[in-house]
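Below, subunit A partners subunit B and then partners subunit C, in two separate complexes.
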Partner chain A sequence: MAMIGTLTTKERQIGMGLSAILLVLGLAMAGVARQGPMALHGAIAMILGLALVFMLGGSLYDQSEPSASRLTRYYDAPTRFGIVMTLIWAVVGMAVGVWLAALMYWPEATPPWPATSYGRLRPVHTSGVIFGFGGNALIATSFYVLQRTSRARLVDAVSPWFVLIGFNLFCVWAATGYVMGQTQSKEYAEPEWYADLWLVVVWVTYFVLYIRTLARRAEPHIYVANWYYMAFILVVAMLHIVNNLALPVTLGSGESFTIWSGVQDAMIQWWYGHNAVAFFLTAGFLGMLYYFLPVRAQRPIWSYRLSILSFWGIVFFYMWAGSHHLHYTALPYWVQTLGMTFSIMLLVPSWASAGNAIATLNGAWHKVRDDATLRFMFVAAVFYGLSTFEGSFMAIRPVNSLSHYTDWTVGHVHSGTLGWVAMIVFGAIYSLVPKLWCRDDMAWPKAVEWHFWLAITGTLIYVVSLWNAGITQGLMWRAYDEGGALSYSFIESVEAMLPYYAARTLGGGLFLAGALLCALNCRATMRAAGDRVDESDRPLATQPAE
Partner chain B sequence: MSHETLVIIAKVFGPIWMGGFMLIVLIRAYNPRRRAEQERIARSILSAKDAEERT
Partner chain C sequence: MTTDPKELDHADPHTGNRDVDPVSGYDTTGHDWGGIKELNTPFPKIALVALVLTFVYSVVTWILLPAWPLGRDYTRGLLDLDQQAMAVERLSTIETLREDWLTRFDTPDFETLSDDPALMAFAMPAADRLYQDNCSACHGRSGGGGPGYPVLSDDHWLWGGTPEDIAMTLQVGINAQHPDTRWAQMPAFDWMERSDRHALAEYVAALPSGAADHDGAAAALFAENCASCHGDQGAGGLLNGAPTLTDDAVIYGQDTASVLATLRNGRQGVMPYWSDRLRDAEINALALYVSRLPDDGAADGAETAQASGDTAPEATQ
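The block that comes next holds the complex of A and B.
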């Protein structure tokens, strides 16, 4: 309710109007679909719309308007909400991941219902952590970084809420749809057509908000972090639209057929899939790194010009790398080679970014030693360097012949997501939460240190065990006896995985424990919000009369 | 146009386009005249207090 207090009467009325539209949209969806996931999703939208109408409607009479002085400050209420959602999705997404890891070791424990089967829960984990945890963190930090680097307040107060609430509705639709068996069968693009259309509306609003705020900036330049955030927003829109072009079976069914077919479908999917890694899981987080690491270390980025060069390198090269997911398939050989070549070239801008971040810490190593928050960011940069090297290496055709379809790929992905993406998010969260809740430090500073060691231990156990698992699998699958027959049956290679699967569950469990500690620490900090206001943290731009 | 011609054009034009673009970025980013401006931008995100501590 405190969020509504930041809105003027007119903004509350606009919000009420939008909520009413959501209510009607949800009702129409539920009515047309009548049954199945789409009907449930309509009902969820309807209930959310109704709840928002009541909350905003009630506030029209009960709550006073915010003072005009708000326009001389940054608008951080959406960032605060986004951080809370980030933490909730972190715990949910990672808990499902650990549960699934345990099922791999102990498949007999799978409950006897379709909704809890491995295949339905796996996308809950991937979407939960990528979109729920990563997406909310990106949106929340982008609003913060955009305002500080532009020295301008967000141009309006309604659209940030539309973006955040709309995006989380998409995430909830995705997770509940998977559990009910709904999927487009496209990795990281599983949600069905109506959810995809909804996300387009949310994403365009996000982009327009970003551009409008940038246009009002009081700085002559656009700081490099904004370039990365904008590449993230723009390219994700492009990828999402093209990969999700589909024809619904009927308007009332939550099922559709993609317009792409055969090998084109595979190519479009992995053009999307790898660029989801590039622009969802890398570009935006590099934006985070280029802002929060220099600010925390209190040192300017080591080479600003190198950051420009690596930006264009990443944007230009990543686009072509997706076909390395399709080595040894029906895709034309030259397209596979193209993907491989660009993946190797990508090492240059990737290491330029990682090196730039690490070199920024020169002269601040004592801070890295003493400050666990900065250490999170340092480790993130190291893992960014490690996993991009590994990715380029695995894209090489003969290496891929060993690694593809094995757990090495899963280990590689987690080295990137746990070691790089989650670490930079936690670094940003520990920087932001005290600031946004007007305190000097987190409520439990020692818990940050504990979280760091849980996260790093968990990541190392996870990644090392899956490297071993993957290479063992790859070698077992290609071992032949003197007669030319396979030396091992498939099930023998599965049995050989048991110790590694136990270790990865432990590693994932430690990482989850750290995330849980972070969530509790943030909750304690939020509850003990102080009154320390940084008077210098203000926009310079003249504000429009909202 | 035959498939072979298209492939030759792609192979000739592609690297020139990519290389040319990178060259433009390189020249613009590493132009010494932009150095002071870049230095100012890099420091613009740090608060005045932080900047004093460093100098």
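The block that comes next holds the complex of A and C.
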């Protein structure tokens, strides 16, 4: 295995030790649980631990160690692994999404097994794309960006692997658990207590690795991208721990009760939910944008001051905005007012980042025209601006009375996730893959252009159809006759959705086709790795000898 | 390593800046992160103005609406709004509109009600919404029924099809939790000899076409076991929940195989009672609407159901 070749004998021994611990942990889980999802998850951990022990043990002495000169280069092997996982989860998560979109149009097609019901597959889609696709992309690019902007190598070679493999184990536990019917019933926080605990260990390791590497930076100031990545890591840890505080029914059961109750539970959940959008789906990806866009455009960031306003505005105001998910509910009115006003004040800091990114392209517009990779990033910045405006607008209470519970919300989310998050990830992937596999360009440069148009067409069809769907639903639900009776029955509002659901399936299908093309293009590029070495792409800070 | 840009290599000793960007004309801040630089662009005024505007909006909102917690209390806001009170007020406005015509349905004098076209123009579209939201999931968008669920748009009724009968069925349900529920059961004839059961099934299946042999052994079995509920030779009409067997309208099907399944396992369909969910006037309006489904349902506001192309499933054979 090429990856193991990047580890010294001592690092391989540490890796073996950790894998053995995972094996024992999995065995203990399976043994205590005996049956159900937790037992299967224990078995998965056990098999993974065993496979890693064999892989590392088998090559402990007979594969040559890396030379000491490795310390004068960046450590990119984990990033390469992370990108492969990003692409796998993209295809899986988006395919499940398109399938579910088709079921909305054609519910009779639901297969007759519990495991394939809509309710169980829906979190496979959301967790698959947010955590599997988005999370792997964030971790992989954060390692890359951290090293380049600090001009320092990652402080150790084992913990990045622990973070990536541990995170993907969490994602696999999550997806397989949902299919077996296991859930905490908290949106975007469905995995059960033991998976949550495991993620805490992974995340703390991630944080320590990040901050230790950052401490070695050659440039005294910390680059904006790293502010955002740090905010992402730190706040996600906080959100995850608080929202998932729960008591297991027994230690051997994959079920638990949350310690929160009633309206407090709802408030904590949406404080978590909204800040998952803010710090998982926004802050981390802004870090990505702040690195890959100026590098690709070869332009300096337009305004340092705007970066500061945007960063502190976003991290401060987002924290208050979660209650706008609970307008017109049992949540007290004053909490709703605060959520609404802080959502409005969030708009300018959000637009400051979008504007900063777009103004950075001044002087490089010809590149946006010619280079689909840079165009992905430009479109990402535009959709970031659009969806943050839409979000602040929908947080206004009377607007929310129309949009809440409708497909407008789903359309809004996808304008952010397809138009902003996925676009910036694809931009980063097309920048990174040739570089990390030592080539000048992707294997099929024209496919990048195709992917761009598939992605933008799919996103527009998806978002526009669900705007129409949501506003239609909202208006139908609130319409009364002059006699005070409802103007429409609920089933009529469902039937009115059919054309929009068909269109959104088409839009999602186009987007998925683009992602598939990206995965194949990356695979072809990886298989035709070159030998281009960029001599200037190396750490300035010296790594202490071991 | 110094953090002062003025002391960095090639920096202007006065400003600390190292180079000027030819496109924007601005200096950089002097930092360099592996090739990335950033411009020292002055803060855009429009951003500042916009930021202040959002702050003003928020402060005004805080003054007008409930906003900040104060220990056990919170700032009430100048408008003194309360979301509970506002919701109740809006609901009562709508309810007042509805009371105007709905109270007339409190007394189930269906003939008088039907004779008032102005009332019907309000009531039947409203009853259609009630029907679609509460009944259509089982009985179909236009009363076409489905396997196990009666057709409501024809003339075949298990418990009577007058508005009064339907209102009673809605009030108490069939085999429901209500203490006065209508109750009926088709018992299982699993104790019967297999050959007898087959003969009986063939006899019943032949009843609608008139091809049944009324002098055979099967007819005797029928008279002995079935006629008390289904009437002589399946003529029915006893309004006891047992269907007429001569009109091809049995909801579980009347081919030999279906009848055999019914004989072997028995049947006991359930219709929930609605008196806990709908008030009497609503039930009466709904009963009238359902009773009118076959002839003028479309004219009464069920046009959306008709227009949707919903066809009645073949459940009545």
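In this section, the second predicted complex is superposed on the first by the 545 of 546 C-alpha atoms of A that agree within 3 Å, B and C clash if a C-alpha of one lies under 4 Å from a C-alpha of the other, contacts with A are read in each partner's own complex, and residues count from 1 in each chain.
Just so we're on the same page, a residue touches a chain if its C-beta (ideal position, glycine included) is under 8 Å from a C-beta of that chain, and two chains touch if they have at least 3 such contacts.
Values in this document were obtained by computation on a predicted structure and should not be read as measured data.
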**Asked** Will subunit C clash with subunit B on subunit A after the two structures are superposed, or do they fit?
**Response** clash
**Asked** Touch check for A:Tyr405: first (subunit B), second (subunit C), both, or neither?
**Response** neither
**Request:** Classify the contacts of A:Ile344 with the two partner chains as first (subunit B alone), second (subunit C alone), both, or neither.
**Result:** second
**Prompt:** Is A:Gly355 touching the first partner subunit B, the second partner subunit C, both, or neither of them?
**Reply:** second
**Message:** Tell me the contact category for A:Trp365 with respect to subunit B and subunit C: first, second, both or neither.
**Reply:** neither
**Partner with the higher number of touched subunit A residues, subunit C or subunit B** = C
**Asked** With the two structures laid over each other on chain A, which partner does A:Phe490 touch: subunit B (first), subunit C (second), both, or neither?
**Response** second
**Asked** Does the superposition put A:Val295 against subunit B (first), subunit C (second), both, or neither?
**Response** both
**Asked** After lining up the shared chain so the two structures overlap, which partner does A:Phe316 touch, if you call subunit B first and subunit C second: first, second, both or neither?
**Response** first
**Prompt:** Is A:Tyr480 touching the first partner subunit B, the second partner subunit C, both, or neither of them?
**Reply:** second
**Against subunit B, colliding segment of subunit C, chosen among 6-14, 24-32, 114-122 or 222-230** = 24-32
**Prompt:** In the superposed arrangement, what residues of subunit A touch both subunit B and subunit C?
**Reply:** 148-149, 219, 221, 223-224, 291, 294-295, 299-301, 304-306, 309, 313
**Request:** Flag every residue of subunit B that touches subunit A in the complex, lowest number first.
**Result:** 18, 21-22, 25-26, 28-30, 34-35, 37-39, 41-50, 53-54
**Prompt:** Which subunit A residues qualify as touching subunit C in the complex?
**Reply:** 148-151, 218-221, 223-224, 291, 294-295, 299-307, 309, 313, 328, 332-334, 336-338, 340-342, 344-345, 347-349, 351-352, 355, 362-363, 480-492, 495, 537
**Asked** Within the complex, which stretch of subunit A touches subunit B?
**Response** 148-149, 219, 221, 223-225, 291, 294-295, 298-301, 304-306, 308-309, 312-313, 316, 536
**Asked** If you look only at subunit C, which of its residues touch subunit A in the complex?
**Response** 1-3, 21, 23-24, 28-29, 31-44, 47, 50-51, 54-55, 57-58, 61-62, 65-69, 74-75, 77, 81-83, 87, 94-101, 122-123, 125-126, 128-129, 131-133, 136-137, 141, 304, 308
